[in-house]
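My structure is below; once you've seen it, I'll send some questions.
We call the chains A, B, C and D, going by the order they appear; numbering starts again at 1 in every chain.
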Amino acid sequence: MATHRFQPTHYHTAIGAHAPVLHIASGDTVITTTVDAMGGDASGQQVTPGGNPQTGPFFIEGAEPGDTLVVHFDRLTLNRDSGVTATVVAANVVDPSFARELPAQQRITWQLDHAQGMATVTDSGGKLDGFTIPVRPMLGCFGVAPPRGQAISTATSAEHGGNMDYKGFEEGVTVYLPVYQEGALLFVGDGHAAQGDGELNGDALETSMDVEFTVDLIRGKSTQGPRMENEEYLMASGIANSLPEALQIATTELARWLERDYKLSANESNVVLGTSIRYDIAEVVDPQVHIVAKISKAALATLTK
Amino acid sequence: MATHRFQPTHYHTAIGAHAPVLHIASGDTVITTTVDAMGGDASGQQVTPGGNPQTGPFFIEGAEPGDTLVVHFDRLTLNRDSGVTATVVAANVVDPSFARELPAQQRITWQLDHAQGMATVTDSGGKLDGFTIPVRPMLGCFGVAPPRGQAISTATSAEHGGNMDYKGFEEGVTVYLPVYQEGALLFVGDGHAAQGDGELNGDALETSMDVEFTVDLIRGKSTQGPRMENEEYLMASGIANSLPEALQIATTELARWLERDYKLSANESNVVLGTSIRYDIAEVVDPQVHIVAKISKAALATLTK
Amino acid sequence: MATHRFQPTHYHTAIGAHAPVLHIASGDTVITTTVDAMGGDASGQQVTPGGNPQTGPFFIEGAEPGDTLVVHFDRLTLNRDSGVTATVVAANVVDPSFARELPAQQRITWQLDHAQGMATVTDSGGKLDGFTIPVRPMLGCFGVAPPRGQAISTATSAEHGGNMDYKGFEEGVTVYLPVYQEGALLFVGDGHAAQGDGELNGDALETSMDVEFTVDLIRGKSTQGPRMENEEYLMASGIANSLPEALQIATTELARWLERDYKLSANESNVVLGTSIRYDIAEVVDPQVHIVAKISKAALATLTK
Amino acid sequence: MATHRFQPTHYHTAIGAHAPVLHIASGDTVITTTVDAMGGDASGQQVTPGGNPQTGPFFIEGAEPGDTLVVHFDRLTLNRDSGVTATVVAANVVDPSFARELPAQQRITWQLDHAQGMATVTDSGGKLDGFTIPVRPMLGCFGVAPPRGQAISTATSAEHGGNMDYKGFEEGVTVYLPVYQEGALLFVGDGHAAQGDGELNGDALETSMDVEFTVDLIRGKSTQGPRMENEEYLMASGIANSLPEALQIATTELARWLERDYKLSANESNVVLGTSIRYDIAEVVDPQVHIVAKISKAALATLTK
């Protein structure tokens, strides 16, 4: 149960079986940093090419294909005072005729007020100056080495993780990932100070971050993609080609979770889901889209007592 | 500003230019009742064939095509102690291979505890007995007569409203609907005591309801589908063939609202949406699906001060 | 087996239970005319408002809900020398970024050479003058009164038919339609001299037409949407919200046809479909899209001998 | 303009920057062989693990990122007397309720009659024995090394090619591929003796093949995915997450081809496409789907004279 401090010196923009930067054990904690999506570090200086560069990979001793890697995000901390967002929504999230009227893409800067937990536009030169939203730090991209000898761009995502862009990947969440390669090979990066549902503008409030996480292993048992858990919800990711398929996968994985781990019958899990499921639309502008299905632990508790 | 009490004697399962049951004026309030989706009234007796039978239509004096009908739901009150739900999710909301394992559809009964605001399964004969969720009364289906001389089944929805099944159609919400026919011809029905996102099982917690609503008119100005407003959010409906199109329409309508009524530039509305939009997946198992896009009035307030 | 000549005096732009213009018997033939999509007749004069106005409805004696109406298109004949097309593809059939560059919609005129069977652009004032394609007359819109007391706009389509826009609805094809109302109530209209797959520009080569068709009934047996047959193929329509669903329905209906009428086992029909199915993308710009699945009668013949 | 005979000794199931097996020049011809999707060679023996194993990569001297690689398939020849197909369509190509009735997947063997050009089922033990379809040899999977240091599984496809499964990749076709890596790094494999549209059963009539192809380069000019040409058609691939997006990309690429190389204005290309486009649904069961848009060279010829 060691705690490792790791300062990255290089980054990856494809998630694959790259040489590990650190070997850690199940139960260990890592304290490290991530650069922003454009490769900028805590000082705001670009230290690596952009495209969601990842810190890692971390080799988890004993992780074998077929296991589940458990990652608990202990702390996600803003480590500089500014972030940027793009200004224009992607053409595919508005009506095709409306897309024709969209303005040209720009980037604007936000000041991050760590004490108040707020972010404010500072340099738009117009009415937007002063626009203020709450910060809610999260990681946009992380994952493990994928199967079949593949190396997959951090522009996209799949069952192994990658560019998932879910606002729920925040401090306190526990994530379950399938292991495909020996050592799992965990990468982390792409900090967001805040993000709208769907990440419509193609990016979130992008910034560098200090990250502390703890890993664990579940042996000989694996999911078909990421699952998450926090105090309030069980959550299952549907990462897929389209929103309908993402919804299908998220719903199915949540049903499987209830049936296999909570020992509900198919009928019981269907009633729970049908009356109580909530969906978050995490990501709709990347090559793969992402819907999260979640179920309240409070509702479940009335069933299993 | 009269208040009308109206007790329905017949119901409609297609929304069209049917004979009005009551003429009311802008500013008037109507207190009436709706049967449940299967045609059951407050006594639990079936009084009309099923299929989301509607109370109405109400003719609003002075409403002309091109106007907006404003409907404020003043009170939505459960009027009996029981509701039912289907037990099995629709085949299209789970992975096609998982769909093959779904059990046979049944209906189960819930007891509605008005005082505690909770609903509990009572007759499943198994582990589900005692499963308890909060009630949150809402109307699944309402709308105005559609354009082009059409009569559209209450199994589906479109810009005129219909079977929209959004959990946000609850007490306190204000809904804006486009007027296509003289008098608008408003129908209401399909009470839900509670509903999961997407209405996965093909129905919600179906029950009869007492409904009180107040209407108003905005002359000479119309939307391209339903919009809603409550204390916390501006909301726009995307009712469409598929989830991607529903998301496009909801996002576009919300952008138009910000740009036309809140006088934001395209750039400003895009930044607001990109960083702060939230989506609800309202309905995914009806012939048309429904996504609601919403934006926090608190975030907007920092922009417009 | 009478032959009726019917000259329409009024038209419908919603398909519903309108008053029949003619009662005919099973086996009878009707010779009539249809106006073009904008309401123009054989003289080119607009005689009714646009929007795919329909000739009919024809009441088929003895047709009952649950029956199948068989319509054989004996002759589809151009009856004037000109047609028009829109010039620009719909925004939803090109990449969203490319959609932003589309020019403004116009209409151009084509000369129809009945003898040569060719259509040539005549008035574009540019490089397009002389652009020549083969004519292939077809009906874009026809159908029967839908279920549930609905009246459905001829802008869209469903299981009852409507604006299906399939190039295969040409002379010599036999169409099978489900009967929902007594007398079936058949409408026909929207002649196309030629049409690209998908009807990308929102219309085809629109023109008026002389139509001769013969009806028949199959009692007590119904399909879940249109099926077709010609000398070469069995064809099943998938009319749905989206291309993936249209493909699912078309494939399923073709499988059902092989299994129920050709008495193939599920395994056998799956092998036939998997190795030999062909799809046509009929319509992608209307409210409902349309894919046709077809199977060669020649391939089938090797199986059943 | 050398001709190289190359006998593979190993194969790849991910397309990436693997070590080249042969360096060839622009204008050169390669005569080689491919194993079937399961790794079986001309003798029917499995010589490598399955999963669309590829022969290559071939390094084309002088090919640079930003160029176009031109591949002409001179000869695609069956090299053994048998092939296999799966027997059951994928769950996603039929209605979800129908998917529940699908039988269990099996594989059946076909005899390939090279002289007659026909394939016949031989071992089904049932009514299928004797089912006969024409052979039409094609390559299901080929492509060049993708961008960003990725290695992409031959189970899927993208702009670089991969598992595209289009029946038009047959003898006589010329394919244009974007070059992302120095030398392009061309892979070929996955011979199909015949294939239904969409490759519904998850595979085609799988067999090994002798392949002869000739390469050329177009310098400093690149497409956004595969384009093809044969005597009759210009064709553009839309490889995407979903059928609607695949159709958008295919249509857009064909429009760009007409506008950039055939010097049509946007208006002209839109009229040509709207009246004359044809689509083939190539692949619907792989992780990425594939639609091909095509336009008749004969129609084009009337425009440009």
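Here, a residue touches a chain if its C-beta (ideal position, glycine included) is under 8 Å from a C-beta of that chain, and two chains touch if they have at least 3 such contacts.
This is a predicted model, so every value here is computed, not measured.
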| item | value |
| --- | --- |
| Shortest path length from subunit A to subunit C (each step joins two touching chains) | 1 |
| Chain whose mean Cα position lies farthest from subunit A | C |
| Between A-D and A-B, the pair with more C-beta contacts | A-B |
| Centroid distance [mean C-alpha coordinates] between subunit D and subunit A, Å | 35 |
| Centroid spacing, where centroids are CA-atom means, of subunit B and subunit D in whole angstrom | 48 |
| Centre distance in Å when subunit A and subunit B are each reduced to the mean of their C-alpha atoms | 33 |
| Multi-partner residues of subunit C (at least 2 other chains) | 92, 96, 102, 242, 244 |
| Touching residues (chain side subunit A, partner subunit D) in the complex | 13-14, 16, 51, 148-153, 155, 240-242, 287-289 |
| Touching residues on subunit B, where the partner in the complex is subunit A | 85-89, 92-96, 98, 101-103, 106, 108, 121, 124, 126-128, 130-133, 194-201, 204-205, 242-244, 247-249, 251-252, 255-256, 264-268, 270-281, 284, 291, 299, 302-303, 305 |
| Subunit B contact footprint on subunit D (complex, rising order) | 90-92, 96-97, 99-100, 102, 244 |
